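Questions regarding the structure given below will be posed in turn.
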Amino acid sequence: MGEMTGEASERRVPTEARLEFRVRYVECDPMGYMHHSHYLPMFELGRTELLRLAGISYRELEERDVLFAVAKIAVNFKRPARYDDILELVTRITRQTHVRIEHAYEMFNKTTGDLLCTGESTIACINRKGEVQQIPEFLRSDVGSAPRRV
Amino acid sequence: MGEMTGEASERRVPTEARLEFRVRYVECDPMGYMHHSHYLPMFELGRTELLRLAGISYRELEERDVLFAVAKIAVNFKRPARYDDILELVTRITRQTHVRIEHAYEMFNKTTGDLLCTGESTIACINRKGEVQQIPEFLRSDVGSAPRRV
Amino acid sequence: MGEMTGEASERRVPTEARLEFRVRYVECDPMGYMHHSHYLPMFELGRTELLRLAGISYRELEERDVLFAVAKIAVNFKRPARYDDILELVTRITRQTHVRIEHAYEMFNKTTGDLLCTGESTIACINRKGEVQQIPEFLRSDVGSAPRRV
Amino acid sequence: MGEMTGEASERRVPTEARLEFRVRYVECDPMGYMHHSHYLPMFELGRTELLRLAGISYRELEERDVLFAVAKIAVNFKRPARYDDILELVTRITRQTHVRIEHAYEMFNKTTGDLLCTGESTIACINRKGEVQQIPEFLRSDVGSAPRRV
């Protein structure tokens, strides 16, 4: 974990990550569609993937008492995903302040290219007691506190 | 199911439902909090409860090819829920058109009275093929297409 | 929590608990059945209910560094549960040693009385570090280390 | 799907599949471990993977009214999995009759090589009405009805 502290300027969190999912049987409902609630854990995995691209593991962050809690989330559903579909999630950081990060999400059916849903969230940096704290310097993305670019 | 068709005017869907949950261990994450994604199925149960109060079962609706798909959902998280907490969900219909219903949600910690999160969603009436269709007359709530009252 | 320590002999854990569930939409799969994996969290709630009947909260146990990990579980599925079905779970302690408790489960469709599945599990008492430890005296059930009675 | 019917002898279902998982945050409980119920959907994905290796998609099977229901499942848990761990599941067919298939599972922590749990299941071939039916010829594995080799 020591490597996370040095040379922060060279390991800036990238602002876009792509991640694939295959829709699981257990995730589909009697309509035959993936239940809409399952997009939220996928978005979470998209955020984690952005960290991973910068060489940062969320598990290590938690061990350092740097946690993130979801403060807001919104999703617009356009088309359903079905069992065994391959999905591709694009996760972007759209805005970052000293204590919050905003992400935007686009979920595609990878085979057809169809856009299935879009989402937005705001996460807040907290400690294990649930108190808001400043995001550590090495977690700053290039987006900084720039105006939203969605 | 025959009773669902007659006397629609007397069985209007009520506009508010209350439902209790006890937070399950499997729903809590390593932070010790209920994972934020689990609110969505609870909101769904709130919508189902509203129907049930009007003597309508969602299972029967599906058998009559009247389904509802979530088109939009948004949640603001204020405080976390913990394992074994008793939650109370208040679900309200805030607007209804010929094909869509909007709901608003408030989730409370029943013991402390704290507001944990608020939410909003739009659901669209579809058939089994996924095509949008008119909401049957007997499902009309008193809210009708009145302006939003959140 | 202090009340948990005294008078253990009068608050022995009862050996049977009954708990109701309504099958949720999100728990059902494209076959229209409740996915078989969802019985496991229900069995867990059955075990918790047994504790609750003795005035013990599993949340408090965890705070006292008394945790239980599932060591073995087995389920025989006889009939499927469907969306909105009311289920009744009967949970029994069948055997208890100094470090382990064995439970048996029967899940019924409450409306029809049909037996849906039976299960068995062994849980082991551990501390937060994952080390096996003796079950506290106040958690001893009347079954004790009697031979299995399933 | 037409290709599924011809030359069955050349596309026998292989008897072993390997599949990787990264433990998701939403799958972990307040102990910090992956909740034991989440192994069951992973086992299901192992069975699906065995089919896929033979060029068969479970989604297509369902469209042909060939479904499988879990009749029995048993798991022995040896060590916990933690958030972000990479797991490797080995799924094997151990016995096959005209209507049932038995599988055995071993889940490893891929990084450490530790065996986390073992499992066994029996699935039965049914149609959409839930009636038991013969497993189609093209789904026969090389194990056939040989004595169990676990």
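The first chain written gets the first letter, and so on, giving A, B, C and D; residue counts start at 1 in each chain.
We adopt the following convention: contacts are C-beta pairs under 8 Å (C-beta built on N, C-alpha and C of every residue); 3 or more make two chains touch, one makes a residue touch a chain.
Keep in mind that this is a model prediction, so the values were computed, not measured.
In this entry, C-D is the pair from A-C, C-D or A-D that repeats the interface of A-B, since more than half of their contact pairs coincide by residue number. The interface with the greater count of contacting C-beta pairs, when B-C is set against C-D, is C-D. Ranking all chains by how far their C-alpha centres lie from the centre of subunit C, first place goes to A. One simple way to say how far apart two chains are is to compare their mean CA positions; for subunit C and subunit D this gives 26 Å. Averaged C-alpha coordinates give centres for subunit B and subunit D that are 35 Å from one another.
Each of the following residues of subunit C touches two or more other chains: 25-26, 30, 35, 37, 41, 44, 83.
Within the complex formed with subunit D, the subunit B residues making contact are 25-26, 28-30, 32, 35, 37, 83. Across the interface of their complex, subunit D is touched by residues 30-31, 33, 35-38, 40-41, 44, 62, 67, 69-77, 80, 128, 130 of subunit C. Contact residues on subunit B toward subunit C in their complex (touch as defined above): 24-26, 41, 44-45, 48, 57-59, 82-84.
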